[in-house]
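In order of appearance the chains are A, B and C, and numbering begins at 1 in each one.
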Amino acid sequence: MFAYIVKRLLQVIPTLIGVSILTFFLIHAVPGDPARMIAGPEASAEEVAEVREHLGLDQPLYVQYGKYVSNLLKGDLGVSLRSERPVLDEIMGRFPSTITLTVMAIAVMVVIGLFAGIFSATRPNSLIDNVTMMVSLFGISLPVFWLGLMLILLFSYYLNLLPSGGNDGFSHFILPALALGLSSSAILARLTRSSMLEVINQDFVRTARAKGVKEKLVVYKHTLKNALIPIVTIIGLEFGTLLGGAVLTETVFSINGLGRFIIQSIQFRDYPSIQGSILFVAAIFVIVNLLVDLCYGLVDPRVKYE
Amino acid sequence: MSQIDLALQQDESTSEHAYASRSQWKMMVSRFKKNKRAMVGFWMVVFCVTVALLAPWVAPYDPIEQNMQIMLEGPSLSHPFGTDEFGRDILSRIIHGTQISLMTGIVGVLIAVILGVALGTISGYFGGLADTLIMRIMDIFMAFPSFLLALAIVSVLGPGMINVMIAIGIFSVPTFARLSRSSVISIKDKEYIEAVKAMGGSNLHIIIKHVIPNSIAPIIVLSSMRIATAIITAAGLSFLGMGAQPPTPEWGAMLSTGREYLRVAPHVSTMPGLAIMFLVLGFNMLGDGLRDALDPKMKL
Amino acid sequence: MKRLISLTIASLMLLLSACGNNASSGEQPAAEGPKDLVVALGSEPISLDPQDASDGISLHATELIYDKLVTFDKDMNIIPELAKEWSMSEDGKSWTFTLQEGAKFQDGEPVNAEAVKASFDRILDKNNKLKRRSLFADFIESVSVESEYKVTFQLKFQYAPLLATLAHPNGGIHSPKNTAEKGKSVGKSPVGSGPYQFKEWISGEKLVLEANPNYWGEKPKVKSITFKPVVENAARSLMLETGEADVILPIPATDIDRLKNNDQVKVELYPSNRNLYMGMNTQKAPFDNVKVRQALNYAVDKETIVNKIMMGNAKPAEAAISGLTWGYSPVGTYPYDPEKAKQLLAEAGVKPGTTIKLWTPEGRYLMDRQLSEFVQANLQAVGFNVEFRKWEWGAYQEAIDDPNSGYDLFLLSWAVPTNDADWGLRPNFSTEGSNNRTLFSNAELDALIDQGMKTTNEEERKQIYAKALQIIKDEAPWIFLVEMKQPIGVRKNVEGVYGSNTERLILRDADKK
């Protein structure tokens, strides 16, 4: 187990290096002089020269990259052009909103997705199963930003039940989390259904049933437990979708999170901020996937770490 | 977006079926035809393609001509989907928007297929260092949440539909590369390939004549699903103002400007949203059906 | 001139005494529980340094943090603020201000003649590169300290709108200690002597100002004022309806009627001296040809903009400055005549299908994006192919600061904060103007603007500006669009909030019941 963890951790390192190379080139791929861009349009020639020197833009690429990485390791993601504050501060100020939204969306996904999936799997090919699966197909095909607008229309404008925007408290996150989580829950429902169906037909479940264990207990104890692996997998995969979707959801619901920050930074051509936040999100995504991998052992003792 | 990734997990099994003889193709077609959902999806897509091709003739009005006298009118007989804030007919805009969405989805995925299949085939066929290198790079791309990667690419390229297509193409490359790599690996050691090799066939000849044709089926399935993702992503980018610019009748952009009138004229953003859903649903159902026809065991 | 001053001072005294009464009766324990006034605006401030901020949103906030020597009252009369009285030398070139004693900056430093001098020296110094330098530097020769509370401004020439210029929010007085310590970054950590002081600013989320407990004048009535940037028009309206915001600005035209019918909310349409225009890069072909510029003016349907897009909350502009601004004379609107536009374009040799780039902010002005899209359609109708790009306000400002960034047309507006034609024209149309983004240059106009600045006779000045406005109309560096009104929405329990003619949201006397 320990060896496996170490091995997985070591595997993450090249990925992270790759990610940093990619974000490093992001700023170099922008047409124009990056120093000029970073210094801002009003900067004087000396200021531009200063930036060029600070970032080492006059040096060979590999030297520049080395500098970039050593700054990264010190937690220095540069300074935002828009606010003139460290990018890391800007990110950390907004990250709590984004992670709250994402985690709540995962909760929505798991609750709705699991129930719908189990519901369908225990009644395979019934009318209810077909309807549920059809609804989930619709769910997958829904654009999250449109769903968000429709939720605002219904719950904020017509019913006046929930706030349509902002991030001042739990109630502000309900609609955004629903909008963000629903379409993932449709995917989870389909996956739960198929993996449970597979297990239900396996011998040990049939044996359990024959032994007279109550139907419900069979479903929950045996099949669900065995179906957990794909569910954990999908949480890992969907996490990325949700982080990306958060950009749209935060825009629809005026949440001052990391996603909105990225959009504002793009609109402002605040390249250090774009670079920093994208790197940050990618790193989070890589780490979450690592955790998911490690979780396999917890949900399924059959998985051996080799 | 992730159903694709899930499909990939099972791609080992798909590729065994990839080498399909003519009779197997026939079986697949008949399986596909029997799948009601797939057929519905197929006809939905055909419908959209037809609408897109005939847009100038079927759209009742000019999609960009403004008529301020009838701004923000709700659905009526003369304007079945109502009018927008400039009095433009929303139905006509949606009809013309079909062209844009289909085009973006298809071109974006085409870029991904070409690059992805090329990289995946090289990787799978030659193995070794090329394989490691290519697949590591693909891993890195996959370490980014896909929508963010598209956003980052557009932020570098600048707003506009062409750049959106490129962004969508790039972020889809890894999925195609992985899929075609595993297909190729499962094919390349088959006896008949060995036979062609023994007869002195060049690598290029083998790849083009034998390997790619036999790994194409799962690529088609994935493409169909990926087009669905691409359409939603493109609409999302336009929604954020990174895609089509006014007055282009792009669905995501229409939906975005309609936000301001959500209260007084909800139809302005409701209708384009329904259009996106219709087209995406069509491609998803088609993709599902194709996959089931290809490999009935692979159930999602 | 002297009579005018003494008259103003007399009327001021009356006003002051009225204020004084208020102050003494308002001494009751202010703490009736924490009250936060939430103000939702379309964008967030750019800088809280009044000398370096040129956008209206920033100035709404600096008006609370900083005091000026003099200020405008609700009716645009000049009244004392930090200066309690002033006098002018015989030649009109030297003005001495006597300061209020006992006023302190929020960091405890005294407001004295030294501080006023330091503040003005800061903006006059070219090396500081402050955005609003030319507002003062063009006519102030030097500032000198007479005594602890007496400060003298030596002018380069007799300047009629001097007091109005000092009443401009850009005339806010900095704490010298703060500017010495922070330098350029005072825009992020401001210290003035106003009734509200800086507490925190979370970019993209909120700016919080709290009551200054030691304010020398009438005590602030609410505990804090929070500015929130809410780009989405619909979201702003909803926040007002639900009470999440106490004040919103602007209200989208489509929501005004609905909000008027809400009994929890008051909607006021304040007049504004803001004119909205579409600027052209006049150095760039084909806009270097006056016929093309005129053609663009004929091509745009101002009436429909007013009636349909602004829903009546504006009127077609009849000059480069608004009717509320001193020195205005109507020189007329270009009629909507697309045929004439096409004819002029043909004469100028502009081929149909010529591609031009139109940039617009979104969420800054009432219906800005819609208006630009409408203009786009108008211009397409006379044969242009118009590439459209919308921007977030902050990025937009930066982008249009650089004429080489690629635009041909840009939507912008100008409200005249001094309410005087000089500052309506000089920054925008003189060759060296600080806001001359059209790069327009006309020697005759430059001379007139300079003459207007240096003339004190009111009649003469008016005639000079009438001539200048006519030239501007004929030369048409702008597509003249509309005179705006400012719809401000406040909750019923909020009092003392209004919009000035110069489009400042005045919150100093705001109270929340």
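Rule of thumb we're sticking to: contacts are C-beta pairs under 8 Å (C-beta built on N, C-alpha and C of every residue); 3 or more make two chains touch, one makes a residue touch a chain.
Since this is a predicted model, take the numbers as computed values, not measurements.
Asker: Which chain lies at the heart of the structure, taking centres as C-alpha averages?
Answerer: A
Asker: Could you compare the number of C-beta pairs in contact for A-C with that for A-B and name the larger?
Answerer: Answer by contact count: A-B.
Asker: List the centre-to-centre spacing of subunit B and subunit C in whole Å, with centres computed as mean CA coordinates.
Answerer: So the centroids are 49 Å from each other.
Asker: Provide the C-alpha centroid distance between subunit A and subunit C, rounded to the nearest whole angstrom.
Answerer: Each chain reduced to its C-alpha mean, subunit A and subunit C end up 43 Å apart.
Asker: Express in whole angstrom the distance between the two chain centres, defined as the mean CA positions of subunit A and subunit B.
Answerer: So the centre of subunit A lies 21 Å away from the centre of subunit B.
Asker: Where does subunit A touch two or more other chains at once, residue-wise?
Answerer: Counting only residues that touch two or more other chains, subunit A contributes 157, 267.
Asker: Where in subunit C do residues touch two or more of the other chains?
Answerer: 232, 238
Asker: Return the residues of subunit B touching two or more other chains; collapse runs of consecutive numbers into ranges.
Answerer: Touching at least two other chains: 241, 259, 262-263.
Asker: Under the touch definition given earlier, write down the residues of subunit A that touch subunit B in their complex.
Answerer: Subunit A reaches subunit B through residues 14-16, 18-19, 21-23, 26, 29-30, 134, 137-138, 140-146, 149-150, 152-153, 157, 184, 187, 190-191, 194, 197, 230, 233-234, 237-238, 240-241, 243-245, 247-248, 251-252, 262-263, 266-267, 274, 278, 281-282, 285-286.
Asker: Given the complex with subunit B, which residues does subunit C contribute to the contact?
Answerer: Residues 232-234, 237-238, 252, 254-255, 258, 304, 308-309, 362, 369-370, 373-374, 376-377, 380, 387-390.
Asker: Over in the complex, which subunit A residues touch subunit C? Could you list them?
Answerer: Going by the criterion above, the answer is residues 40-42, 80, 82-85, 90, 93-94, 156-157, 160, 163-167, 254, 256, 260-261, 264, 267-269.
Asker: Okay, in this complex, where on subunit B does subunit A touch?
Answerer: For this pair, the touching residues of subunit B are 1-3, 5-6, 9, 37, 136-137, 139-141, 143-148, 151-152, 154-156, 228, 232, 235-236, 239-242, 252, 255-256, 259, 262-263, 266, 269-270, 272-273, 276-277, 280-281, 284-285, 288, 299-300.
Asker: Name, in rising order, each residue of subunit B that touches subunit C in their complex.
Answerer: Going through subunit B, the ones touching subunit C are 64-66, 68-69, 71-72, 85-86, 159, 241, 245-247, 257, 259-264.
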